Structure formats: structure tokens, C-alpha cells
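Take a look at the following structure, please.
The first chain written gets the first letter, and so on, giving A, B and C; residue counts start at 1 in each chain.
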């Protein structure tokens, strides 16, 4: 659909992360590299007596796509906030690339449901924002931003402002911007939830294709089981009251995946059934 | 301030404390920062102001001045309220022709600086209660008219239709729909217009070079080069103005509650 | 539609059947011009020397006002006065905006807001027209007095606006910028400065007409060398109602033009950033 996305994304990443530590292959289990994200017995409450997260143990390998799924109120968004350093765990340890998280975690990029695009900037300038912050010169950053826009299918929209873009295009723009940040870990909190079903599937496909080329770790939150199975390497199912991990499952569907077809595969159906029964018991 | 002290004092107590500390700081800055570094020609010390206020209250000059200004403001406000309402009703409810002719007049008066009336009125009538009231009313009526028009134009015509279908006549429509609906906008208009009325009254007194009213006191003190007098009068004026603002907020909130129940500042559109 | 509020639908229909100017804007303008012309001719007709309905000594004939205005425009005097008034106004704005911004920034901290809140409320309640007396004592009979008065008045408009703008900042955007590695100054010029522009626009929309009014007031009270209020004061002191009314008319026209321009620019700006247009 977009033409050699893997190589392009890899180039973009290399340009932005020259000098960063070696990251292993998907199948490698390099034990000298620390997990991208590691939560050890993390608990969190907002100080009002209600425990939002309880005894969370989670380890995310570099380059892995981990999907957090659960009913509302299970603390999955809070967990992302902790990893991003927006809040600090009440108890327990949180490490990022082996280093404790103190304050805002600069190795993370956070993409939320409501985008944080700057309304007065064109799509090109919005995408180029992370580069601009890092001091990349205008010609270079526009070049790389154009590539990112091309990858996300926004080349025609480069001069438009966010309010002139549809919801789907805005999500793609936010995605393009994420590509250009040099964060090693990307957090996504239901980024496509506000889109209609068709657009959502297209964007999930786009995300997968882009991700194949990059080596970023992705922690993705959703309440949509199909989305979780389509995107994730590993699914972490959470329960609520209090928020805790109920189970984890590897998704053994090989890449490249076709998001629209995934749900008809037997492995997916099996996994769906298993996860749904646990989720259902939570919703009662 | 740590959270526990809030709990101890209670919310109301905390607010009182806040105001005391804040005003205390203001006074301190006034006394120890402003006074020593500025000339006493135009900055008076708090103590001098206090003394001046004392003498003004005891010889009654303050009360008569406040009374004069307030009466100008209130009478002007009342006239402006009436005229503004009539205009709004005329523009909003009569034939569109009337509206199209009158509305530019209202907007024009609203955007014009009202103080320019002062010299002209002075030539015609000289100084006096009447001219001052005219200027106040001229400032108030466009404000009232514009807000009231806003209310009239957003009346829910479905409700009116339903009422008519049930056999309601114009009395019912006015009483049950129109009045409650525009009361919200009117209250807001009053909270805006009443403090303005006081400001205009003082301004006109200043321009007329009079000796009566708060503006008059200021004129006298300027002629006498009396900084304490000026500052004392300003303090008095501030208190009056602040009371007026607070009063209109309270009345506004009470009237809103009366018409709209506990909807926080809201009304059905 | 609202005219059926208090009359019956039948009465409204009857009214509609009579001649009405239709709603096309050209017809509206023509109707208004005709109405104004009617009023002016009545005024002209009833105005006259002693004994007339409208004594000339108080309120001049429209023809006289027009010719005075014509003279003033022809010899450029009134534009010089306009220039002085606007210059003082501009200076006052330039002075007060940074102050207002600094004050608003201070109230962004808990301590700042706690202490400054009541102080600002009190200062807002000071009758600003009265302050001119302090400024007279301070700066005497000069333009400085004007500028000080206007600056003090306008400062509150901008202060409340900046405060609102800062409070409305989207913390998620700030957070995402920080995650991209932006420093505080970068967040300031990449986001904050641009994000509060709508607030500045709204504040300016209110502030400039207000400033104009207060500047004219200041000029009337403290007539310096040049200015529209100064001119008005001059002619009224010299009992020249013709030119005085001409200046009055000019002032009103300027006020309306300023207001219309600001409204137009504000609406266009709102449209350019995709916000619903409000005037």
C-alpha cells in the first residue's frame, strides 16, 4: 500500500537514533539487553483510598508489541501514565531500559485518543515537530517529515491544518509524528477508538506495516479484543477493582498480518474465545 | 499552605484568611515599598489616608458625596434599564422594519464613548443632576438592550407554539416563556451595567468640574493638591464599587436560582 | 419569527401581507439611509435662530455641522488630532500588555494565585476614571497622564484574558512536547505563545474601544496640545457648537469604524484557525 515501508522506516529510525544501543531481532532473546519496560510489583492509587493498580508485574522486551486490554477502570491508561513518568508508582519499581523512571520519561512517546496536534501548524510542520525540537535544520526536517507523511498516506495533505483534516487523517498525522520522534518506546492509548470501524482497520494495518520496519517497543491500550489480537505480539488482560493483571498470552500469528483477515484465522478465534470468557467474567 | 490547615479552618475560614493575608500584603507594600520611594505629592501613606477618611466621615462630606454619586448612578441606571428594555422589545418583537432601523442606533450608541456627551450637555444645561443622569442612562441603555435582545432572539419558539396550541394568549407567552427566559440575560446585563453606571457618574462629575459627588471630591482634592484626599476618596469609591459588584452577583445568583432552580448558571436553550 | 411571540399568528400574517422592505442587505441599507435622511431633514427644518424648535445656539443645524466637519477634514486638523489620540492609545497598550502577561504568569503558581487573587479583585474595583486625579498629581498636564489612565484600565482586560488563556492550555500538549524533549522556553514559543493568541485577539477586541473611550475622557479632563477630546473640549469652551458637534460626530464615527474593523479581523482570525465564528 505504501511501498517499501520497512526500509523507509528503518532509514528514518537510523537517522534519528544514531548511537543508540543495539536492539535485538524479534526472535532474539539477548539477555544482556534489559527489558524496554519493567514493572516490578507496582501498585498505584490516587491517594483517595481506591487502589487503581495492584501488584503489577510486567516486562516488555525491546521491539515487542504488548497490548493491554481490559474493562473500563482497570487502570490500563494509568499504567501508561506510570511508564511515561506522568505519575509515579505508589509502591514497586519501574525501570525503563534498566534505568529507574524519575520524572517525565524522555525515552517514551505517548499517543492518546485525542491528538495533541498544534492547530496553527500545517501537517508537515506538525509531523516535523519532534525534529524541530531536537534542532534539526529546516530543509532536512521537512524532507524527513515528507517521507513520514508519505508513509502514512498524507502526502496530499501536507499544507493543510488539523481542522481541515478528517479524524482518520489526524490519527495518521499523529502517527507520522510518532515515527519522527526518537523515542524507543511508544505508548498508545486507544489512538483509533474515535474512528469508524473501516478507518480503524486501515490504520491498524498501517501501524503494523510501519512497525515492521521500526525497532521501537510498543505498548498499546485498547478495549477492542479484535484489535488486540491483530496488533499484539503479546496480550495482557487486566481486571478492574482493583486493577491487576489477570493473564498474558502470546499471539502466535506470524507477521506480516492482514488485519481484516486475522479474525477469521483459527488461532485468533481460539485466543478470542479464551480471552473473551475471562473478560466477560470481569464485566459481570 | 498545607492541606491540613484548610481542613482545620474550613473553607470559609480559609477564604477569610486569604483575604486578610492578601490585603495585609497590599497594605505592607503600600506602606513600606510605595511610600518611601515615591513623592508625597501623588502618593499618600496609609495612615494619612486613614486620617483623611476619618475627617471626611465625621464632617459628613463623604456620605453626601457617596449619596450624590449613588443617586445619579441608580436613577440613570433605572432610566437606562427602562429604555433598554423597551428598545429590546421593540426591536425583537415588533415588525422587522422597526428592528432594522433601531438596532444600528443601539449598537452605535454602545460603541461610542459616552463621555463626549458631557461637554455638549454642559453647554445646554450646565452642571446638574439631570445632565449627569442623562450620561449614565446613555451608557446603560445599550448594554441592557443588547443583552435583552440576545435573550429575546433565542426564545425557544417550539415552546411558544406548544403554549399557543394549548390556548395561551400573549399574556401567557410573556409571563411563562419570555420573562423567565430573558431574565438570565437581564441579570447578566445588570451585573455589567450597574458598576458601569457608578463609573460613568464619577467620570461625569470629574468632567463637569463639580464639587459634589465622589468625582467632585476628587476635583476639589486635585485643586488642593491633596494626595491624601484623593487617595481617601478613591478608597471610598473602591469600597462602594466593590460592594455594588458583590451585591449584583448575590442578587443575580438568587434570581437565577428562583427562575432556574439549581442549574448552575444554566438555562434551557 | 419572534414577532409572533406576543401577537397571534393571524395578526402576524396580516402584517406580513402589508408592504415590508425585504431582507436583502442592499434594501436594508437603503431603508436605513432613507430613515437617517428623513431624521436629518426634520432636524434641519426645525433648527433655527431664537424661537425655533431646536435652538441653533445649543444644537447646530446638520448643514452647519457638515460644513464644519468638511473644514476640519480639509485642513487636516482633525486627522492630526486623531493621530495624537491613537498614538496615546497605542502607547498605553504597549505598556500594559507585558504587565498583564507578567501578572497572569504569576497567578499560575498556587502561591501566586492565592495571594494575588484578592489583590487583583480589589484593584479591579477601583473606579478607574477616578485614578486620573492621581495621575494628574503625578504627571501634571501632559500626555503621560492620558497614557497612564488608559494603560491601567486596559491592563485588567488583558490580565483576565491571559489568565484564562494560560489556564486553558492543554496540559497533554505540554506533556507531549516535553516527551519530545522540548525545554521550557521551547514549549513557550512552540505552544504557549501561539495558544494564547485567541485570548489576545478577544482581549484586544474589547480593549481598544475601551481604551479609545478612556483616552477621550482623559483628553477632556486634561486637555493637552492635541487630540480628539482636546479638540472637542476647545470648541465647547469657546462656545462653538458647530465645530464641537462636528468633532463629536467624527469621534462617534471613529469609534464605530474601530469596532467594526476589530470585529471583522477577529472573525477572520477565528475562521482561519477553524473556530466557529463569533463577533
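The rule is simple: contacts are C-beta pairs under 8 Å (C-beta built on N, C-alpha and C of every residue); 3 or more make two chains touch, one makes a residue touch a chain.
Computed from a predicted structure; not experimentally measured.
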**Complete:** Relative to subunit C, the most remote chain by C-alpha centroid is chain A
**Message:** Out of every possible chain pairing, which has the most C-beta contacts?
**Reply:** B-C
**Item:** Distance between chain centroids, defined by C-alpha means - subunit A, subunit C (Å)
**Value:** 51
**Asked** What is the distance in Å between the mean C-alpha positions of subunit A and subunit B?
**Response** 55
**Fill in**
dist(centroid_CA(subunit B), centroid_CA(subunit C)) in Å evaluates to 18
**Request:** Give every residue of subunit B touching subunit C within the complex, in rising order.
**Result:** 1, 18-19, 21-23, 25-26, 41-42, 92-97, 100-101, 104, 107-108, 111-116, 118-120, 122-124, 152-153, 155, 157, 160, 164, 169-170, 173-174, 177-178, 198-200, 202-203, 206-207, 214-215, 218-219, 221-222, 225, 227, 230-231, 233-234, 237-238, 241-242, 245
**Request:** Write out the stretch or stretches of subunit C touching subunit A in their complex.
**Result:** 170, 172-173, 175-182, 186, 190-191, 194, 197, 273-274
**Residue ranges of subunit A touching subunit C (in the complex, touch as defined)** = 84, 86, 104-106, 108-110, 112, 114, 116, 118-120, 129-130, 132-134, 161-164, 181, 183
**Item:** For the subunit C and subunit B complex, residues of the former touching the latter
**Value:** 1-9, 15, 20-21, 23, 28, 31-32, 35, 58-59, 114-119, 121-122, 125-138, 209, 212-214, 216-217, 220-221, 229, 232-233, 236, 239, 241, 244-245, 248, 251-252, 255-256, 258-259
